[in-house]
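Residue numbering begins at 1 within each chain, and the chains themselves are lettered A, B, C and D in the order written.
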Amino acid sequence: MGRETLIDEIRTKLGDAVEGVSYSFGDDVLTVRPGSLRSLMTALRDAPFDYAVLLDLTCVDFAAGEGRLELVYHLYSLSRNVRLRLKASLSAADPVAETLTGLWKNADWLEREVFDMFGVRFTGHPDLRRLLTYEGFEGHPLRKSYPWRLAQPRIPMKDKV
Amino acid sequence: MSGLDFLTTRLETALGWGRKYSLFHYPFITACCGMEYMSAACAHFDIDRFGAGLTRFSPRQADLLLVVGTVTHKLAPVLKTVYDQMLEPKWVIAFGACAVSGGIYQNYAVVQGIDRIIPVDIYIPGCPPRPETVLDGLMKLQDKIQHQKQDWRWAGKP
Amino acid sequence: METRIQREARPESMLINMGPSHPAMHGTIRVMLELDAERILNAEVEVGYLHRGFEKTCENKTYFNLLPYTDRLNYVSPLINNLGYAMTMEKMLGVGVPERAQLIRVLMSELSRVSDHLTCLAAMAMECGAFTVFLYMMKAREFLWDVIEFTTGARMTTSYIRIGGVRADLHPDWRGSLATAVRETRRVLKDVGGLLDKNSIFLGRTRGVGVISKEDALSYGWTGPCLRSTGIPYDVRKASPYLVYDRLEFEVPVGEFGDNFDRYRVRMREMEQSLRLLEQVAVLIPDRAPVTGEPAIEPAEAIRVSRRQKTAARIRLSPNLEGSEKARYADLMTPDRPAALGSAACGVVVPPKEDTYTTMEGLISHFLFFMDGHGIRPPKGDVYFSVEGGNGEVGFYIVSDGTDRPYRLHLRAPCFHIVSALEQLIKGRLLADLIPTFGSMNMIGGELDR
Amino acid sequence: MLELTLSFLVFGLLAGVMIVINYCLGPRKPNPAREIPFECGSPPLQSGIGPVHIPFFLVALLFLLIDVEIVFFYPLALAFRDRGFGGLAALGTFILVLALGFVYAWKKGIFRWS
C-alpha cells in the first residue's frame, strides 16, 4: 500500500480525530485532537495499520509564541516499514493528555520524562513521578521559561570565587 | 633540626614510599571518561605498573577516590557520602574536564567541578584525558604523597 | 522521602540499593531491590544520575557548535551519533554528500559499532567473572581506536563527521592500520568465542536468563541487537538504507529466545558482519595521490601578496586547521548550497582557508559562517531521521524556527527503551541474574539520561 | 616448654607492635557518614537487618563444617610422619565422616534456592 493511500485510508477510517495532514521534509505528519488521542492510537496500533512500535514521544514548548505545548509521537510499522509522526497540541496553562501506558509499555517512562521536563500531566498514568531530575527540583527544565543555568543543588556547595 | 625531627623525617619518607606504591583506588565512574579509564587500567597503558592497579569497590578499603566523568546535581550527595565513608589517609583525583570544572556542560544539571563538594588533590584535564595524561596525573599524586607531612599524634603536632 | 518500593515492600523482606556508584551499574543507575533471600520480589529502577541537560544546552548553541555534544551522547560509539545528527541536518537542509565522504562515514561508523559491541561484551563478561575476556576486548578496541585516532585526531570524542561531509581526508597509511585492526579484532573474537560460547558457567548465568518475548520487546520499543536477539530482523541499515549501505552486502544476525546469551551471540556475529563491511568499504574507497609538489607559501605571505594581486600559489597550512584542504574539498564536503539560505554567502560547510586568506568573498563567507545569527540556518519546520546505532535506532528530532539555533532538539535514545524493561526482566529471578541481564542491555548513561 | 612460651611471646609482641603503629600513624577524623552502611552511595532503604532467611543460615553451617575440618588438619599434618598407616586411617575416617555430612546436606537441597 503506497504512502498516500495509507494516509488517505487513515483519514477515511479515523477522519474525526485527525485535524490535518502535512508533510515536512518527506515525513508525513498527522495533527490530532488531544481528546481523541487514545482511541486513534489504539486504532493505529491494531490490525489494518499495525504501527507496532511507539518509537518516541517528546514535547515542544511553544508557550511563549502560541501559548501551547505540542506532544510529538513517532510510530513505526514493522510490517509496512513506514514511519508516522502525530502531533497533539495542549494548552500551555494546564497541559493534560491521556496516557498510552495501556497500549505500549515504554510509554510509562516516556510520559514520566515529558512530565518531568515539561509538566504535562498524563491522566491514568500508574506512577507519574519525575524521571530524570530529583525529588526536590522545582520547575520543569525544558520549558523555555526555565533559565538555562539555574541550578538547584541538593547539598550545600562551596562556591569557588 | 632536633633529634626527634630527624627520626620523624626518616619515618615520613618511609611512610610516603609505602603509601604511594600501594594505592587502592575506588573508581567512581559516571560518564565518557570511564572509557578512557578502561583503556588506562587495561593491558595497553597498564595502571598497575605504578602500584595503583587494584580497584576496590568499597570506600572502606580504598584510599584513592578516582572521580571519573560528569557529576550531576542528582549524583552529588552520592559522591559526598562515598567520600565521607573513606578512611584516612585518603586522596581524590578529579579525572576529566567535567570533574575538574563541569567541562562543556554549564547548565542547571551539572556540578561545576567536584571541588565544590569534596577537597581534590590532583586535577587531570582533558575531555577525555589520554591514558598517558592519566598516568602522569597519578605520578604527580605519588610525588605529593611522598612529600606529605604526617600529623604526629603523640608528638603533639597539630 | 519514601520511594515506591518502600511503600510496596513486605515488612519481612530485605530492601537493598544497587546504587549509582556500583561497578555493574556503570555508575549511573540505581536499582532498589526487595529481596527474599536472593530472590528479587520487586525492583524499582531510578535513572537520571547522568542527566546533563543536553537538550536544553542544544537550544542555546548554534547548529555548528553543538556537534561536540553529540559525541558525548553514546560515548561508546561517538561517530554514529555524529552521523545521526549530521544526516538529520542534511535532510533538513536538503544537501547531498559526495561519494568519498559517504564511504568514509560508513567506514567510521562501522569502526565505532565494533568498538561499541566490544566494550559492551567486555563489561558484561567481566561482571560475570571472565576478566580475561575484558582484557582481550580492550586490547582489540585499542587497535580500532588507533585507526580512528590517526584520521580524526581523537580516540573517542572525535566530532569528525560534520554537517555536509567529513572534517578531513583519511590518514595516508589508513589501509595498514585498518588491516591490523581487523586482523586483531578477528583474532580476539575467535579467542573470546572459544572462551565463552561453550563455557558452562557463562551459559549457566546467561542462557534462559532475562528472557523477553517478541511482543514485549516491541511493546517496550526495543530496537537494535536486543530486539534482534528475540528474532525480529529489524535493522535501520536494511529497513531504510542510508549512505552506501544498500551497495554493501551484510547479513542481520538474529537470535531465537531473546535471553542474555542470544544478545551476546547477536553482538558477536554482528561484529563479524561489521568487519566484513569494513573490508568491502576499504575496497570501494579509491586511493588518492597526495596533493604535493607545487611550492606552498606561508599564510602571512599569501595575505601580503594578495593585497596587490590575486595569488594562485598554494598556501601551506597546518593539516589540523579547519578547512585547510581546499584541493580535497570536492570529495569531502558538499558543494551545494541550500536554496532556503537564499543570498547568504556562506554554505553549510566551513569555507576553505585558502579562499579566506586570499579573496574578499572567502573572508566574508568565513566571517558570516561563524558570526552569531548567520551560520547554518535551516528553513522552519521539524525533521526526524534515524541511523542504526550500537544499541538500536538513534533518531534525532529537530524543530527549527529559521534562526541559527535549534528551537528544540530531541534524541531518540535506544537504550532508554531497553532499560525501561529491566524491572520486568529481573522480577522473580535471583539477585545474581540482574548483573548479566543489565550488562547485556549495554546501558550508556549519556544516551539514556541525555 | 621454652619454645612454646617464646613463640607466644614473639607473636604477641608482633601483634601488639602492629596495633600500636596503626593507632599512631593512621590520622583519625571521625565522620558521622561512616556509621551508616555503604549502599553504593545511596541512603539505605531500611534501618537495621530484618530476620535472616534460613538458606543463609544453612550455608553458614556448611562453611563452619568445612572450616573446622581444615583446622583439625594442622596437628594431624605435623604428627603425620611418625604415625604411619594409623595416622592415614584416622585422617581418612575423619574426612569421610565430614564428607558424608556434606553430601547429605547437598542432597537435601541446601544449594537449590529456587
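Here is the rule we use: a residue touches a chain if its C-beta (ideal position, glycine included) is under 8 Å from a C-beta of that chain, and two chains touch if they have at least 3 such contacts.
Source: prediction; values computed, not measured.
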Q: Name, by label, each chain that touches both members of the pair subunit A and subunit D.
A: B, C
(Q) Taking each chain's centre as the mean of its CA atoms, which one is most distant from subunit B? (A) A
Q: Would you mind telling me which chain pair, A-C or B-D, is linked by more contacting C-beta pairs?
A: A-C
Q.
On a C-alpha centroid basis, what's the spacing between subunit A and subunit C, in Å?
A. 25
Q) When the C-alpha atoms of subunit B and subunit D are each averaged to a single point, how far apart are the two points in Å? A) 34
Q: Mind checking the centre-to-centre distance between subunit A and subunit B? Centres are C-alpha means, answer in whole Å.
A: 44
Q) Can you give the whole-Å distance between the Cα centres of subunit C and subunit D? A) 50
Q) Among the residues of subunit D, which are close enough to touch at least two other chains? A) 40-42
**Q.** Touching two or more other chains - residue numbers and ranges from subunit A
**A.** 133-134, 141, 146, 148
Q) Where does subunit C touch two or more other chains at once, residue-wise? A) 19-22, 48, 51, 53, 56-57
(Q) Let me make sure I understand the interfaces: which chain pairs count as touching? (A) A-B, A-C, B-C, B-D, C-D
Q.
Could you list, by residue number, the parts of subunit A that touch subunit B in their complex?
A. 133-134, 141, 146-155, 157-160
Q | subunit D residues within the subunit C interface of the complex | A | 39-42, 44-46, 49-51, 53-56, 113
Q: Show which residues of subunit B lie in contact with subunit D when the two form their complex.
A: 15, 58-60, 77-82, 84-85, 87-89, 150-154
**Q.** Touching residues (chain side subunit B, partner subunit C) in the complex
**A.** 27-32, 34-36, 38-39, 42-44, 55, 57, 69-70, 72, 74-75, 78-79, 82, 104-105, 107-110, 127-128, 130
Q: Quick one: which bits of subunit D touch subunit B in the complex? Just the residue numbers, please.
A: 24-29, 31-34, 36, 38, 40-43
